[in-house]
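Before I ask anything, here is the structure I am working with.
The chains carry the letters A, B and C, assigned in the order they are written, with residues numbered from 1 in each.
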Amino acid sequence: MGRRPRAGLGHAALRAILVKRDSEHDDQAAAAAELGVLFTVVATVSGSLWAKAMWGSYWNWDPRETSIFFVLILYIAYLALRGSIEGDEKRARLSAIYSAIAFVAVPFLMFVVPRMYEGLHPDPIINNRGKVDMDPLIRLCFFMMLIGFTALYFWLQTLRVRVTRLERRRELARECDHGPQLGRVGCLAARVGAALLLAPAGREAGQRTGEVTMNFKTILAVGLGVAAIAIGVSSFKQTMTPYIGFAEARKASGLVQVNGKLASKDYVINKEEQYLKFKLQDTNGDVMPVEYRGVIPGNFDQAVSIVAIGAFKGDHFEANQLLVKCPSKYQAMESETGGKHPDGVPQGGPAGPAAPETTGVAS
Amino acid sequence: MPNSGSNSAVAVWSVLRKECRTEWRTRYGLNAALLFAVTSLTAVSFAAGRLGNRTDIMAALFWIVLLFATLASMSHAFVREVESRTMLLLRLVATPTEIAVGKLLFNLLFLCVIEAVTVPLFMVLMGAPPVRWGQFLAVLGLGTVSLAASSTLVGAVIAQTRGRGALFAGVSLPLLLPVLAAAVGGTREMWAANSVAPSLKLLGAYAVALLAASLLLYDHLWED
Amino acid sequence: MSAASLRLAGNDIAHRFGPRVAVRPVSFDVSAPGVVAVTGENGSGKSTLLRILCGLLRPSRGECVFEVDGCAVEPRRRRLFTGLATPELSFYEEFSAAENLAFAAETRGLPNAANAVRLALEQVGLTPRADDRVSAFSSGMKQRLRLAFAILHEPPVIMLDEPGSHLDDAGRAVVEHIVQTYGPRALVLIATNEPREMALAEQRIELSGRGLERTA
């Protein structure tokens, strides 16, 4: 799953737009947003096809699917906003403001929200253990695609900006043609004027008076921002372990999430009646019976770990959703889940080559 | 005349007072928002019926009603200035930051009034189980701050576009989704008697990040 | 504040809105006290130039110097030293004339807001209608209110854009009275094509590229 939209590349130009008022930077930002939409759509569609092949449905609001969807509507909102502002300078300024505030939302959408909830995606490949957990072949493929698509992005970006620049120039030339009896000299003068306009506007002198308060505000805002990120990261770390032990689950009244592995192989499975009964063991060794009614995850018997969402009823845990995590093809095989061919092609899980999914879901 | 901090506070206070007075005299903003909140609340409770102990669905519905009320009414503060063509007057008497902070405080107040009506009505109509008020108000408060901060900045931007109100919901939504996710999570945990601390932290972090970014951006709102 | 020395200079200022030229390059250098007329055909950019001078608009070319007591004032603080009356200025219709001015005075942080409002209304002859809502005002009365707004905080620069529009003879006398009152202690800029208003000025900034012309 190496498809990651190049979100937010346009934001680099932001400061330049707001402070230096250079239209070139705005062109860059617009091009980045347009390409962002393109790349995000490509990633979403190809990811959706992949999901159909691997999980059996095109779209199931998996957290990471949700977050890329958010990013997509963010881009569309940005472009809609640009489309409804008249005047180059105003458009540049207002859309820069919007992308700056969106820049605040993106980390929350991309990183915090998806990791808050357990989903179908395998563990983040580049994860918080600081380890690239990937099979060598997939790793090669992944990094080649990463480099290739990034290069493609930059090439398209350059092209797009050049087109915009040419369009701008043509607009000015047309202005000269229909302009108020300016003639050739006037046309030349207008072009020179335009060149001056496009150059960064010199800042006016005498800002000393304002600088002190400005600096104070900047420091305050940056300080607040850093604090917010720190809090965000710490809560992000907390939410990395959203599961509670069985003992706690027995006491809780509402819906809870528990995580564990199959305690023994003697589970009851009835595909017709969509009924499943098994024993789950948590990390403390505590064993709890679980009953579940619903679509049985196809890869239940290969599960390395199971997440059950539901409530404790009487003597057992009644799950209304099951998430089954199976050995990932993309992760380097560990010795207990399967071997490896000498040529480096990973083998499937214990059930043989028919083990396709990373994870399966039912509800 | 140096533009000291106390002067700014006076200007912010004055803008806030003017907003309240305008709202009090015309009242169409508040009336429309309350009507909208009550309408969507009625629609939700008719459609969903009494949910009893399905507090997870209740939490989601609660925040959707609040979100809709926000999206329907909050662009108003700046769009009104543009429509009555009083933006120039405002810009001549106060700095962009003073105007925006004044409007932010007004929006906060506005949301609190809407919530004061919506929350009890929701609890009664939906037959919600007892609420742990401390935790609930903390989630509600932080969520409200984020809603107001986002709406103020987006409202100021949107007021200068051709579509004005029309774009507001679409442009705000991506900024409000993290609030929605965390606030719904927090409310659900509150009813499930679990810890709301992670949701509160996320909400708080987002509110602070939004406010910090807004504070930096307000300055650039109206410099033509 | 009105005793402050003030210099306002433009060095090759020009502005465009997209491809449209709003102000052709213009240079001038004026200082308080004095009365300056800004003239030019319709569309030559008189109003745009005033917006640039009071810091609402950043010129796309050239430099604008605004000095108070020898210190340069950055664009966003210029509004503190300027009183602007322009046809684009509207007031809150749900407030009375006095409430509108009181809001302006308080937000600007004037020490004696109520007194400033009373004085300004008196000078434009609106005292009898002070407590009427602006929604009930005629266009001439709104124009008087704009004039009152411009002189409210006794600024060292007063910019009047088409001050005589919508005004009757008594209203025009108000404009003359304001120019004569503030001319000796502040810098008054009048953007106009009216011969009667131009006659009030000692200097003239002619827009269309020729810069400053002395008429006196």
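By our rule, a contact is a pair of C-beta atoms (placed from the backbone, for glycine too) under 8 Å apart; a residue touches a chain by one contact, two chains touch by 3 or more.
Just so it is clear, the model here is predicted, and its values are computed rather than measured.
In terms of C-beta pairs in contact, the better-connected of the chain pairs B-C and A-C is B-C.
The most distant chain from chain B is C, comparing centres defined as mean Cα coordinates.
The mean-CA centres of chain A and chain B are about 26 angstrom from one another, to the nearest whole unit.
Centroids built from CA atoms put chain C at 37 Å from chain B.
Mean C-alpha position of chain A lies 52 Å from that of chain C. Touching of two or more other chains is recorded for no residue of chain A. With touch defined as above, residues shared between interfaces to two or more other chains in chain C number as follows: 58, 76-77. In chain B, the residues that touch at least two other chains are 3, 223-224.
The touching residues of chain A, when paired with chain B in their complex, are 18, 70, 73-74, 76-77, 80-81, 84-86, 89-90, 93-94, 96-98, 100-105, 108-109, 112-113, 116, 213, 217-218, 220-225, 227-229, 231-232, 234-235, 238-239, 252-256. Here chain C touches chain A in the complex through residues 14, 16-19, 58, 60-61, 63-65, 71-77, going by the rule given at the top. Of all the residues in chain B, the ones that touch chain A in their complex are 3, 55-56, 97, 150, 153-154, 157-158, 160-163, 167, 170-171, 173-175, 177-178, 181, 185, 188-189, 191-194, 197-198, 201-202, 204-206, 208-217, 220-221, 223-224. Contact residues on chain C toward chain B in their complex (touch as defined above): 1, 51, 54, 56-58, 76-77, 79-80, 84, 86, 88-95, 99-100, 103-104, 106-109, 149. By the touch rule above, chain A contacts chain C in their complex via residues 21, 87-88, 171-172, 175, 193, 196-197, 201-202, 204-207, 209-210.
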